[in-house]
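If you scroll down you'll find the structure; I have some questions about it.
Labels run A, B, C and D following the written order; every chain starts at residue 1.
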Amino acid sequence: MAGNSFGYLFKITTFGESHGKAIGVIIDGCPPNIEIDEEFIQSELDKRKPGQSKITTQRKESDVAQILSGVFEGKSTGTPIAILIPNEDQRSKDYSHIADKYRPSHADYTYQQKYGIRDYRGGGRSSARETAARVAAGAIAKLFLKTQGIEIFAHVSAVGSLISPNLDSTNLADLLTVRESNIVRCADPATANEMIALIDSVRKDGDTIGGQISTIVRNVPVGLGEPVFDKLHADLGKAMLSINAVHGFEYGSGFSGSTMRGSEHNDIFVNEQGAVRTRTNFSGGIQGGISNGMDISFRTAFKPVATIMRDQDTLNEAGDNTTISGKGRHDPCVVSRAVIIVEAMTALVLADHFLRFKAYINEQ
Amino acid sequence: MAGNSFGYLFKITTFGESHGKAIGVIIDGCPPNIEIDEEFIQSELDKRKPGQSKITTQRKESDVAQILSGVFEGKSTGTPIAILIPNEDQRSKDYSHIADKYRPSHADYTYQQKYGIRDYRGGGRSSARETAARVAAGAIAKLFLKTQGIEIFAHVSAVGSLISPNLDSTNLADLLTVRESNIVRCADPATANEMIALIDSVRKDGDTIGGQISTIVRNVPVGLGEPVFDKLHADLGKAMLSINAVHGFEYGSGFSGSTMRGSEHNDIFVNEQGAVRTRTNFSGGIQGGISNGMDISFRTAFKPVATIMRDQDTLNEAGDNTTISGKGRHDPCVVSRAVIIVEAMTALVLADHFLRFKAYINEQ
Amino acid sequence: MAGNSFGYLFKITTFGESHGKAIGVIIDGCPPNIEIDEEFIQSELDKRKPGQSKITTQRKESDVAQILSGVFEGKSTGTPIAILIPNEDQRSKDYSHIADKYRPSHADYTYQQKYGIRDYRGGGRSSARETAARVAAGAIAKLFLKTQGIEIFAHVSAVGSLISPNLDSTNLADLLTVRESNIVRCADPATANEMIALIDSVRKDGDTIGGQISTIVRNVPVGLGEPVFDKLHADLGKAMLSINAVHGFEYGSGFSGSTMRGSEHNDIFVNEQGAVRTRTNFSGGIQGGISNGMDISFRTAFKPVATIMRDQDTLNEAGDNTTISGKGRHDPCVVSRAVIIVEAMTALVLADHFLRFKAYINEQ
Amino acid sequence: MAGNSFGYLFKITTFGESHGKAIGVIIDGCPPNIEIDEEFIQSELDKRKPGQSKITTQRKESDVAQILSGVFEGKSTGTPIAILIPNEDQRSKDYSHIADKYRPSHADYTYQQKYGIRDYRGGGRSSARETAARVAAGAIAKLFLKTQGIEIFAHVSAVGSLISPNLDSTNLADLLTVRESNIVRCADPATANEMIALIDSVRKDGDTIGGQISTIVRNVPVGLGEPVFDKLHADLGKAMLSINAVHGFEYGSGFSGSTMRGSEHNDIFVNEQGAVRTRTNFSGGIQGGISNGMDISFRTAFKPVATIMRDQDTLNEAGDNTTISGKGRHDPCVVSRAVIIVEAMTALVLADHFLRFKAYINEQ
C-alpha cells in the first residue's frame, strides 16, 4: 500500500471511493506565488465529468471542487493545497445485486483477495471516479507550468480501428478549439464525426469499445528527466499506465520504431538560428531519458471498459457460477472523458520534473 | 537527480560509467536467509555481456561480479548487498574524436545541457553498460522470487518486421532451453534463424535495427500491486521504459485491445477445481492494477540503437556543423542482449511488490 | 517542499492552515479490516483541542472529525482514509494588526523569506492547529496497534523546573486514568497540582513556560526498526522534533547516559521464563536501532511558546523597528495539550515500523 | 528494510559489514561541476579511523577511499558517486568465541531476532565501521556546501561529567585548529587535557565512558527546512540519532529551554545594517523548522560504548546463562572519533535541504 501518492517534489495524494462521501487530493510541493484560478480548475473537471454528452455515461455528477487550504488571496502559499469534490449522484442500490459477485475484467476479485474487504458500490476505490481528483491536481500543475510557458495538448486519436490522421500541430491553441468543438474530443473534425457514430452504435449494442489518446508537450526546457530510472518518458509511461483502462504506452516512434533502421530513425541535430533542433523527431523529444527541447509526443492505449449492458457469466465470492447483468449508467467509450485525465497526469509529471531539474541548476 | 534508485522495499541503487573504474549496485531490502548463488548471478551477467556472438558488439568485457557485503555463509543477511563489476576493455581513444560532438539520437546533447559536464567516453553514464548492474541486482531478486515459486521468462519476439508466432507457453523451462540454444534468444527456432540472418545483413550494412521482447510472469500470487498509482503494470512499464532504447510498453491485449469490444475483451471468471481463473486473459494477469493469478504478459519495444557505422551530419558543442563517423565496436541489434535486462527489471518489480503485499497480509 | 508527509508504509499527509476552511489528513497504508471507532478518534481530538481548561488557550474549536473515505461498514478497506476537521472559531481580526510584523520566535519571518508569501492569520500553516490532523491520524494508528497489543502512554513529566517523580509503570491503564483526572495530564497527582498552580501564575503574568513529556511504549515485538538510518529511535526523534515547540529528544538513558560508564550502563540479558529480558533498561528498549522487547522510553522537551501577553520589540517586513502586543487567546503552557500529539506521533512511527518489519518476516 | 538510504535530493546509500570485503557508499544527487578534492576526503576519513591515538581503539584500518564513478576530470558529473573503502585489519578470530552469545547492549540479540541470521564478526552491519562510509559521503557534501559558503564545526563538548565551557565561536577556522591540536578534539585546551586524562583512566579500568558533541552551522541561507514534518532540526535530529551510541539530541536552548519563560526565551528581531538578525539565539537558528540565518547550534549525546574489557553475564542463543569476556581492541570513548561523523551527517542534511530549497526559489 501507500500507492496513492504520485510525484517526488510536486507530489499528490488522492483519496475517495465512488460511493463514499467525497473524493479529493492533497497537492504538496506546488511552488508559492502561483495564481490559482479556481474557474480554470472547475473547467478542467467539467471536461471529465459524467453526463456531459450522449456518448458518455448518463450518470450526473457536478464535480464541484472546493479548495480547503494552501491558497491565500488567490495565490499558492507553498503549503499543501487540498481540494475536495463531494460525491452526489450515487445510486448505491444499482450495485446491491452484485455485492458478492465478481464483475468480469473489473477489480472486484483482485481487491477482495488483496484487502479481504471491499466497498463494492460503484467499484469503490477502483472506480475511475478517483480520476476526478487527479484532474483537479493536474489543473494546479498546469497553472504552474503556464508560468514556464510549457504547453500540453492531448486528443482522441483513435476509437476502435478508426484512426485520426496526423495533425498539423503548429498551433496547439487552435487544435484545442477544434478538439473542444466535438463531443469525442478528436482534433480532426471528419474523424470526430465517424467516431461519434461508431460509439453511438456500440452503445446501442450494449457494448463498449477502446481507443487511443495522443499527446504533445511543447516548450519543455532542455534537461528534464532524471536518469537512469526516473527518465522523463519512464515517468510519463507510469503516469499513463496508472489511469484506469490503459494497456499501452509508447513515445516518439513507439512500437513502429522497432521495425526501423538506425539510419532512418536517428534524429540529426541542426542549428536553427542558434537553437539546437533535430531534423526529425523519432526521439519524441526525449533522448537518454532527458528532454531535448523538441516536442514530446506519446500515445496511450485504452481497452474497452469492462461494464457492458449485457449478461455475462461469472463467479460469486463463494466460487459458484452465476450471472451478472449490467445495470446502471455506463460509458460506451471512455476516451473522450479521459483526454483531460491524460493531460492532468502529463502536467503532474512535467511539474515534478521541472522542480527536480531546478534543484540542480548550476549557479556557476 | 536522485533518479538512480528503483524500488520501494526491495530497492536498488546503481552507479558507474562506461569508462570509469567500475559499475555496480547496492540492493537494499533483500529479505534475509535467501541462498545467494554466485554462479547463478554470473551466468545471468554472461547473458548480457558484449562480445558474446557475431550479432552483438565485439567489445570484450568479462563482467565479473564481486559481492562486497550483505552475504554471510552463502545467505543474505538482510543488510545491503553490494555488487561490484570492474570495467576492463575500454578503448577511450575510440571516443576522443567525438569529445565535443553530439552523436545523433544519443544522450550527449541532453546530458551536456542538463549537467554542464559529461564524461564523453563511451557515453559515460548514459551507456547501456550501466544495465549490467541491473542484471546483477535482478539475479538477486530472481533468487528471492524462486523461493516463492514465481517464474519469469522473456524472449525476443520480433526483430524489425520479423515477428515470432505465439508460443506454446505450457512449460517455461523448456522455452528457456530453446531460447538459449540460439544467439538471438528467440524461443521459436525457425524465426530465430531468420532473425539472425536479418541482423547479420543489417550489420554488414553498417546499420542497426530495432526489435521487441515478450515476457511472461507465472505463479504470481493474487494481490500484488498498489493502486492507484503504483499499479503492478504501471511499475512494470516504468521499469521497462527505463531501459536504454525502449520506446514502448504494452501488457495483456496492449495496443490491439484498443480496437476491441468489451464483449470480446472481458475475461470471464471460471472455477477450475476451486481455483479462480479466467477463460481468456486479455487482462494480462492484472486487473485494477493488481495481479489476479493468471500469467502476466507484456511486450517491450526497442528502437534501433543510435550508433551506426556510417557517417552522419551533426553539431558540435559550439553549434557548428560537423560530421561524425562510427568508430568502435557496436551492436547491430541489442535485443538478444536485452532479454536478460528485461527479466532482471521484471524480477525487481515483482520482488518489490511481493514485499509491499506481504506488509499487509491480514493476520485475521 | 513535499515535507508534509510522514511515514513509509503507514503514511500520512496533512493539510490546512489555522484560518483556512479546514484542516485534515490522508492516511495511506492503514491495513484493511481494522475496526475504525469514530468515537475513539473524536475522544483523542478532544484531548488536544483548545478551550479545554483554564490552563490552556480560551479559543474554542470543537475539532469535529469527519471521515470521508477508506472506511466501509465500520472497517478500514486498505484504501486511503481521509479525515476532515473544519475550522470554526477563527477571529482573523485578531491578527490584522500583525499582518506585516514578525512575531518574535514565531515562524513569520522564516515563512515569509522561504515562500515569499504567507497567510499571516493565526500563523497560517505554522500554527500548531495543524497538529489536530496528526492526532486524528494517530488515532487510526492506535486502533491498528491495539490489534497487535502495543500500548502507548505519555504524560507531562515536567513543567518549568517542576519535575514529576518516576512512575510505577506496572499498569499503563491505571496511569492513564490518573493522568486524565487532572487538567495538566501529569500521572503524579501531587506534582500535577503544583504544575497547575505554576501554569496559572505564569498565565497571570502574561507569560509562557516550557515543559517535558515522557513516553512509554509497551509490548513492542522484537525486531522493529530499520538500520542504519531508519533506526526506531531515530524515527521517533524525528517525529517528536517535528512537533511545534519541541527542542529536544532523548531515549533510554538520554543525555544523562553520556556521564555513565559502560559497566553501569550495559543492560545484562537474563532469561525470564524463556523470555529474553534485560536486568536494567538504559537502552530504552532499543538496541542497534531495533526494539528488543523491553519498554521503549523517551522524553520530549518543549520550549515556552512564543506568544506572550506582553509588548515586544520586533521588526516589520520593511525592516523597521516596531512593537508587537499580544492580542488573542493563547496557551501559557502547551504540554497538557501536547500529550496526545506525542502519543499520536509515537503511534504513527510504531505503525509504520510494524509494517516495515512485517514485510520481511521470514517464512522459513 | 530499505533503511540504508539517507536524504531526499542529496541521497546516500551505504553498504558493508565490519568483517566483509569492503564498506562503501553511493552518493546520488551531488550537483554537477563541484570540484572533488580526493585528498580532502581522505583527510576526513583519517579523523575517524581507528588506531589514531592512545584514547581510541588500537585496531588499525587505513580506511583508504577509492572513487569508482561520478567524477570526471576532477569534477562531479551529476551522476552517482561511488566510494569504496576496503576492510583490512579484521581479526575474525577475536569474535569466534562469541558467535552464539549476545553481547550486552550491543545489537547481537536484536539483529538475530529481526533477520534470523547475523554476521557476528565485529558486529557485522551494526558495527560503527559503517560510519566510515558516511564520513566519505559527508566529505562530498562539505565540498558542495563550501561552494555556498556554509560552514560546519563540531567538537567534543563533554566527556562523562567534564563539560567544556562555551566557546568564543567568532572564527570557526581558529576553533578547528585548536580542536585538531589535541587527540580528544575539544576546542578548549584546558578541558581537553582533563578529558584525555579521564579517558585514559577509564581505559585502564577496562571500562568505557560517554560524552557529548556540540555543533555549529554558520552562513546558512534563510529558508532551509520543509515543514511540517521535514523541519530542518527534525532531520538533523534523525541524522544524529542514527549514529551508533547516540541517545539524545537537542538544538538551540534544548532541554534547558523547557524550564524557561517565553519572555526570556523569545529571540527579538533586530535590524543589523539591513540584515535581519536576532538579539539572542535560543532558537538555535531555526524557527518553525526553517533556518533564519543565525548560527544553527545543537548537541548530541553519546552513551558509553557497550564493549568493555571485563567479564559480563549474558545469554547465548539457546537462552542459557553464560559469560562474555571482552577480547579484541576497543574504544574507551568514541566521541573523539565521532566528531567527524557528526559533521558528516550535518553536511548531508544541509546539502539535502539546500537542494530542496533551491527547487522552489521563486523566479518572480
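Note that in this section a contact is a pair of C-beta atoms (placed from the backbone, for glycine too) under 8 Å apart; a residue touches a chain by one contact, two chains touch by 3 or more.
Note that the structure is a prediction, hence the values are computed from the model and not measured.
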{"item": "Separation of subunit C from subunit A in steps, with touching chains one step apart", "value": "1"}
{"item": "Farthest chain relative to subunit A (centres taken as mean CA coordinates)", "value": "D"}
{"item": "Type of subunit A:subunit D copy interface by residue overlap (half), same or different", "value": "same"}
{"item": "Comparison of C-D and B-C by number of C-beta pairs in contact, larger one", "value": "C-D"}
{"item": "Geometric centre distance via CA averages, subunit D-subunit B, whole Å", "value": "39"}
{"item": "Whole-Å gap between the CA centroids of subunit B and subunit C", "value": "46"}
{"item": "Interchain centroid distance [CA atoms averaged], subunit C/subunit D, Å", "value": "26"}
{"item": "Residues within subunit A bordering two or more other chains", "value": "1-5, 8-9, 14, 31-33, 78, 114-116, 125, 356, 359-360, 362, 364"}
{"item": "Residues of subunit C defined as touching subunit D within the complex", "value": "1-6, 8, 14, 102, 104-107, 109-111, 113-116, 125-126, 130, 158, 160-161, 202, 205, 207-212, 222-223, 225-231, 233-235, 237-239, 241-242, 247-255, 257-271, 274, 276, 278, 282-284, 287-292, 301-308, 310, 312-315, 319-321, 356-357, 359-360, 362, 364"}
{"item": "Residues on subunit B engaged by subunit D in the complex (per definition of touch)", "value": "1-5, 7-11, 13-17, 20-24, 26, 28-33, 66-70, 72, 75-82, 84, 114-119, 124-125"}
{"item": "Residue numbers on subunit C that touch subunit B, as the complex places them", "value": "9, 31-33, 78, 355-356, 358-362, 364"}
